[in-house]
């Protein structure tokens, strides 16, 4: 069994919960789960043990009730979700500026007490994997483990950092756990957390789940690189109507995404190409199905200029939810393999900003090969 | 030195000739040449020794004169092209239906005599590589070597097949040569030619140079496959204003392209997805810069449907010309390695329908890796 | 009351029937009905009196049963449709080549008998408007009224022509009716039918309902014309997965659409611009929501070249069904105004190939103004 | 003769100057000039009498020298431009934050003196029309004529406002002039300026020349309105590499564009539709040929959702330059007609934010009709 605690019961978590139960019930095929049945864990091995949020309108509700309100997809909401209730989590001002009535457990007592309570719950539930899918928060890497400990002591960390710290504490006290950081906050890219996780016999995957147009852009750039084409410039626009776009529309949160993508182009192409890649706006009627528009201009042989335009409509939350079905299983696997700290081969494929710090961004195609190799899996489509 | 004979002095051959000389003169960077300077031959090792065509308006003209008329690009036409004249080639009705006043050498004497004359010219010039870039012709594979010999005896082959046969004759009589079949005619996919080439100590690469939207589609499908997404359907439209689109607009020639692409989707995805992929029309004002429009619909996690639209403007002839700069060098290399018959690792990357017959279509990403491996080259961007 | 007989109970007719009943029930707003409530008839004045088809799987079924099978939209199928049954219609080989088991009433008895029976039914039901939404058939204009009469006598007309003839017969014998020809068959563009309708005190609107990308193209061309831009070329691709695309994929039926659009560009721009506009393919998974891709290249001031790319996803059948809600009311109105023959002001807006024969294609913007003027309606958004 | 003074010798002014001379020389057709030869003035009646800028690298240079550096188009730079020199203009911090070494005439002496000098120059040159094409500046309407006079006295106006004030002064003292405000600064939308212009027997056209994707969006919305479709949302992205995009990338200048477009959607559709329309970014390699991407989602009949995606590449400066060829002639015409203040019929077609204040935005199609009517011109394509 893989027992999962979710941080942030937003749309991604809801799609994960609904999809997972429907997968277990054989109601849907496993589209959008990259490794599918090739991993040594079955879908039915995964169990959502707990969920945390700080939105007053969600706390105390069952995942079933939450899905009823926000899930707009084919099929029925699985009844199994009636048994999982949202618990009050750590707030630490992570929703500042968002239209949410929020109150964290630390606001009811004290951060230390809240932390101990939650770790206690994890221990009781036998949590293996903590999945962080809260809304994007503005934050920078801590840097050194001393500063990290101090930050925790002084309640100076963000919510994500605090949860990541808690997962390490939990691992060192009870049993090794994996922390899946699917948002841009630098955890797997923070040397402080890498050191902490190694010391604590814990695993962190991150940062920022590789969905949307960015992995596609990476592979398009790889495609152009392999043909020797010279990329002149890349512009990529994103607009959507979910809470994450609402949050990213705030300049201080938007910057998180720009950082995520900054080195990708140079790492893949081997030279700098001017670019403009970032979430661009919020348009409510688009809902969770975002609109992406992209232009790539490049020089072909003889300096002729070609143009590539991509327009895409992508269901934002389901895409990440599908990756989580792999990531929670890979988290458990990494623990079993005692791959403490982080695993580049996992991050390179599943994350936009793969840790550990200083890692190169490679195309997703190359990352996929590295992942298969780490898993000792073969690609049966490819002749030897 | 690599001495090249060109079959079909159309736009591709002109871009190849102009670009190659400009490369040698250091007037342009080597964009669009996939392997660039990583091959053991320098650009200056390549020399265009002869060019054949059957268009009365080209025969006897220098490549300089031809480029003056048809080349619309940046920079000057290299003066070195003043010394290469277009010779009358084999016609065999290859231009039927096209608005070209054509007359082949066999129409002036007799096919046997014409063949012997041209092989004699190749021998005199020390030709190493024959590059076939004539207009798409309607033709099927011959199948058996007996039928192939008989077809040649009875003048029953198409122009491409006849040239390919001549390259084999030349190889067995004088010295090993490579035949680069950059058009859809099945040569590297014809068991008869594979056997003939092995027997003749010759090399054939083919079929149908992998330019335009098809290699991009292959890599997009690979990208979706690796994420477990279920492709529902693919439509891809192409329209252009060059002679090749004019020819492909004729139903019997169009079918050549449909065959080329038929197995790609199933080979890459591992299942059949309905598709409509073929050159769609001719629109003169677009000239050589074709317009491509594509839709790919797929299911993401939880059966949510995403849509991907690609619009591209691609300079058709320069793209293929850039590949030829690699292919002529790889042809020479294959001869030196005595890799007689054909080389899948080369075809898989550079061709839309890679021979030998029965080969799987793999994504270009995978083909690139196979190519590097065959060449014993490393990709320095990718960490071990 | 406006009593409507439908010819061809395909998707368009089903969307019309479902949407109309839902409109009457106030279950949906009247989006996609251009004139909305500005006409002197209410939605509840419209009644579907009869429906004809030759598909054995539909004959005898209620519109409710048919909608249950083919209608994929929001909301419930209205129960009122349980009372309308599909009657066997005239076949005359109109489905040749289509995957439909068809049998017409004339095949059970004789064309004359079948015609008289159906006219009798219309008379009994008090039909005011006949709406032709059968699948595109290959057919040319008859030309003279003598040939038309002869064609009817000799059973030489197509199904659409025969129904149009029947509506005229019905009008002269019983009471004036309107025939809405929403498919490409030239009826309103056939001088023979115009004369027949005038003589018979009947009204025909046609031809080919203006949905999809063609009206948009017309208005884009108008937009460019009004800025003095020089259009270099237009390519427009369409692909869909409904029966109409299946039929249009057959060359002899495809030609019907090419004719429809041939004069549009020249009429609007005032000069010829090379173009390629026609339905391009059939891709089953797209269903009724077609994919349109378009490029327009034009010269701006100083001969700079701009490019405009349009990609659209359009629900094919609902778009036409919405126009029909206007057209049946306008048909009744035209009869009341004794505007026998045809009405250019109606056709110019609602049809791709507006009759009478020889009419200019104007942009839909201009057509809309003409329509309002004919209706003596004002546009309250526009200051005097 | 129409003698023109240009404010801001940037790319637009250069395209205007080059294109105008080439038009006069019959070197180019008049594409992109909406009214072409239908106005009572010939192209050869237009003469650029003076040009003002505050960029030290331009002052004192001839328009020929400036075009040599910045004009990248077909054809030769006309030699007539050798005789027009850039004069030092009014600065008033209009370039704050831009990478330009700027110094205004008022910085050399005093604003009053500078103003008098320039008005003197206009009088000497017999200027009829002043064209304002300086870089977008952040500014709000003044409101009352008292405040406007006070602002001028206290040197509190922006550069655009000061020039507009000067054109009024010039008109009242010497002879009536027209001020063409092709940038977003509210001049024709400022009640203060309208009153001033009426009093001064001057004409102002404005504000913000209607080029790029906004007029196209207006007409697309009109197209949807006329079909009764319900627009759910509109997003439009713009990115370019010229100075105007550089400036608009600065938040305080970007806001100018947002204001320009705010009422358009509601005015045309008759209801509010959520939208996100504004210049989005700066990407140097795109140069003057901007990339526009747009999505419009709407409901069709039966509440089916359609999607429209527009991708465009538009040469930014030539488009506006072509409009100026009309506007300077219309300015002269308005003076002759004594249409003092402003002319809505002109603004509605040529401007994004048509004055006078409080004017409705109408679609460009309707604006075109109003313009023709004001000019007493007929559209010969449209049957009566």
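Read from first to last, the chains carry the letters A, B, C and D; within each, the first residue is number 1.
Throughout what follows, a residue touches a chain if its C-beta (ideal position, glycine included) is under 8 Å from a C-beta of that chain, and two chains touch if they have at least 3 such contacts.
Treat the numbers as computed from the prediction; the structure is a model and nothing was measured.
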Task = Quickly list, by label, the chains bordering both chain B and chain C.
result = none
Key: Whole-Å separation of chain centres (CA-atom averages), chain A against chain C   = 50
Query = So, what's the distance in Å between the C-alpha centres of chain D and chain C?
reply = 43
Residue numbers of chain D (touch at least two other chains) = 307, 309, 311, 313
Task = Mind listing each pair of touching chains for me?
result = A-B, A-D, B-C, C-D
Inquiry  = Show me the residue ranges of chain D that touch chain C in the complex, using the header's touch definition.
reply    = 15, 18-19, 22, 28-36, 73-75, 215-216, 219-220, 222-223, 226-230, 267-268, 270, 298-315, 318-319, 321-322, 325, 344, 360, 362-366, 368-369, 381-383
Ask   = Quick one: in the complex, what on chain C touches chain B?
value = 232-233, 235, 237, 239, 274-276, 280-286, 291, 293, 295, 297, 307, 309, 311, 313
